[in-house]
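Shared between the two complexes below is subunit A, which has subunit B as its partner in the first and subunit C in the second.
Take a look at the complex of A and B:
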């Protein structure tokens, strides 16, 4: 019991997830800086690896200003509610072994619920701060959400359909012979693009476009709330990549090495894949310019939704035809 | 002045017909604006139906200040009008003053002026392309372009000793000669910049997200642009062949061959390519001028008193036509100096373009004119209800300021 509680709190639970969030932030900044011909963070810690933590702590101690028009209750509590979403979702991802910390039979549905929940919380949180910029940001946020949600869920469902399981554990286990990405590369692509839209990374940083609407829905937040909102975005980054690894890249599965104990090996494989997916997103986001909200909606509805539907049809044909049936 | 004190107004009366929900402020403090300027956007959803500008946030009264300073000092003061196209301001003011004198400017000085002016054009266009990337949400383009901009700044520093405010001009000449043995370095660096410009042209032509943000954005017809007196690249991108360097050559532009780049498309994408093309032309001009630099003196010393008369001059700044008018009564200071900057001339076109665009296009379109709001700021007194205009002296302005911010202090008097 004690062991499980420690696992949930420290490793591979909450604290590990937060640490990964900081690491992703640092990698993101470092990659972007390298690609742009800059150095990036380098003072705090070796190669500036502690810079995200330092920024987080600095913001924690800053003054918190609540706009006079804001809905105080939502404004103060919604950041905490938002913070919960990716942290909870991470518990359903198997990290150090085939069994996740809090997995159950239909936990993929719980993850889908938490994705919708996070979008909902951001929307009311954005609306509660009641300024012109956040009002526009809310509109864009909702429009972007209804755009990417369908392709995102379709991509996740494709993996579930093929693996005939609605739990992340089952989906990962079914990939022991063949990774899902080899069967459904388009679903993986759609998932990554929709994930970038969910994380508001360029080219989908429309709801937080800094040259148009200041900081978007973050505009009115300061101090503690801002630090946690930023951290939540980074943790969401980690979770989104971890889900991609679990659904399409076979989680921590990989060739066995005799000398290394299985949990360590599982963890190493998982981390390598996680960082690769993260790196893919860092590179894409640095190489692209921001598009407009109408263009994003067009992209998701007119191109990516048909693509994911075609991918589902393809997978169904494979299953019906008895070719390449998952174990 | 107490009885005819104008009413304290935050908004101009024209705004009253719009409800507050539809008004989105753009500036004066906004991440997309590097200088303070205020645009009220009247929105319908994401679409802009009206833009109301309010200028004058960084008005410093340079034209008035010039009237109390010696002729020479003004040259370096006007150079500080703008932090980007600084040289061309002093050049045009200098040309206007030189027009009042009888001296001939040495040929070598004319060439050096051309070289510096074209280097400045390259630096300004590079800066603009980078900002365009920044405002379209393409940070990587911004970082790359600004890194290449350092090449020009290093050259300018090697020639003039300064990176931005070159202080190269003097009346009837330039203050510093070209350093020895710079030709090869300049030609080689210009070749590098031409390569980079071609590379960026490839990026803006092929990068899908960049195309989506710039193609078909900021369209304006040639007639509208002509009617609204667009100048510089804003005129050339709709096909008007307007370039002071060609239409009324100054410095050594009649001796250095160059093409005037025009475009027919008339959108922001065309502007991007046009400015990159102009950059290539400018780089080739610099190489040519450096290779064909004539020998001779660089300057004629002239007396500090300028003969009476009035004269005007204009030249092609990176952003468009710049205009200076000077009037002298034969003293040590000018009677009147007037300057008109390209941003002032291009703003009506920009506001016209903005109507009908979405809010996501505001930074892109406003940037497209390469605005320099600091140069542009003007100030005049106008009561829109009685349509009355008036002028205040410095003392009256001071009293109005005190009254505005501390009314109780005025009562004590």
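Take a look at the complex of A and C:
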């Protein structure tokens, strides 16, 4: 019992997830800096690795301003509600062994629910601050959400269909011989693009467009609320990549090494894949520039939705034909 | 203990909001230059933030005139405590080349409290970085 509580709180639970969020933020800034020929964070800890922690603490110790016409209750409590979404979702991902901390038979549906929940909380959060910039941002946020959600869910469903399981654990277990990405490369691509839209990374940083609407829906937040919103985004980054690893890249599965105990090996494989997916997103986000909201909707509805439907049809044909069926 | 943690984090993460209070754009270009690969002020954790509510350091460029006075004060009030103000360039310090114009005051310190002046017309990026770091050294 004690052991499980410790696992949930420290490793691989909440604290580990938060630490990974900081690590991802640092890697993100370092990669962007290197690609632009800069150095990036340097003096805070070795190579600036503590920079995200310093940012977080500084915001925590700062004054929090509540705009006079904001909805106080939502404005104060919704950041914590938002923070819960990726943190809870992370408990369904197997990290140090084939069984996740809190998995059950239909946990993929719970993850889909938490994705929708996060989008809903952001929307009311953004509306609650009631300034003209956040109002524009809310419109864009909702439009972007209805655009990317269909391809995102279709891509996730493709993996579930092929592995014939609605739990992340089952999907990972079914990939012991063949990773899903080899069967459904397009679903993986669609998932990554939709994930970038969900995380509001360029080219989909439309709801938080710096040069157009100040800081988008984050404009009115300061101090504690801002620190949690930023942390949530970073943890969401980790969770999105971890889900990609579990659904398409075989989770922590990999060739066995006799000398290393299985949980350590599982964790190492998982981390390597996680960082690779993260790195893919860092590079894409630095290389691309923002598109317009109409273009984003068009991309998702007119191109990526048909692509993911075609991918599903292809996978169904494979299953019906009895070729390459997952174990 | 908590105090020391707060001081440490404040020294390591100065987020900058830049407000152009009717400058000639010279100072602004030099400020942006300090973000470029050659100088890269992000090494010290400083980034340009888009909203004054996220900022720790307010950098004001340009001579404050009758038009920008109220706006500058309003932006200053939107920055959460603890906050610092840097007046960048000769104009921000005392009016610079525009001194004596019919709508120009005596610089930023007439309107809001200033923690540091960085002189020059425009100051070089090295000077800007030196100023920001010196200000951080004073942060308690």
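What we mean here is this: the second predicted complex is superposed on the first by the 327 of 327 C-alpha atoms of A that agree within 3 Å, B and C clash if a C-alpha of one lies under 4 Å from a C-alpha of the other, contacts with A are read in each partner's own complex, and residues count from 1 in each chain.
In the analysis below, a contact is a pair of C-beta atoms (placed from the backbone, for glycine too) under 8 Å apart; a residue touches a chain by one contact, two chains touch by 3 or more.
All values reported here derive from a predicted model rather than from experimental measurement.
**Q** After superposition on the shared chain, which partner residues are touched by A:203: those of subunit B (first), subunit C (second), both, or neither?
**A** In the superposition, A:203 contacts subunit B only.
**Q** With the two structures laid over each other on chain A, which partner does A:256 touch: subunit B (first), subunit C (second), both, or neither?
**A** Neither partner.
**Q** One more residue to check, A:286. First (subunit B), second (subunit C), both or neither?
**A** A:286 contacts subunit B only, not subunit C.
**Q** Should A:226 be classified as contacting the first partner (subunit B), the second (subunit C), both, or neither?
**A** After superposing on A, A:226 lies in contact with subunit C but is clear of subunit B.
**Q** Looking at the overlay, does A:37 come into contact with subunit B only (first), subunit C only (second), both, or neither?
**A** After superposing on A, A:37 lies in contact with both subunit B and subunit C.
**Q** For A:55, select first, second, both or neither according to whether it touches subunit B, subunit C, the two together, or no partner.
**A** A:55 contacts subunit C only, not subunit B.
**Q** Where does A:214 make contact in the superposed view: on subunit B (first), on subunit C (second), on both, or on neither?
**A** both
**Q** Could you pull out which residues of subunit A sit against subunit B in one structure and against subunit C in the other?
**A** Overlap of subunit B and subunit C footprints on subunit A: residues 36-38, 210, 214.
**Q** Under the stated contact criterion, what part of subunit A meets subunit C in this complex?
**A** 29, 33, 36-44, 48, 50-51, 53-58, 61-65, 210, 214-215, 218-223, 226
**Q** Note which residues of subunit C are touching subunit A in the complex, please.
**A** On the subunit C side, the touching residues are 5-6, 8-10, 12-13, 15, 36-37, 40, 42-45, 49-51, 53-54, 56, 78, 80-82.
**Q** Which residues of subunit B touch subunit A once you look at their complex with the stated criterion?
**A** Contact set of subunit B toward subunit A: 23-25, 30-32, 46, 133-141, 143-144, 147, 207, 209-210, 212-213, 358-363.
**Q** Quick one: in the complex, what on subunit A touches subunit B?
**A** Listed in rising order, the residues are 32, 35-38, 132-133, 136, 139, 202-203, 205-206, 209-214, 286-295.
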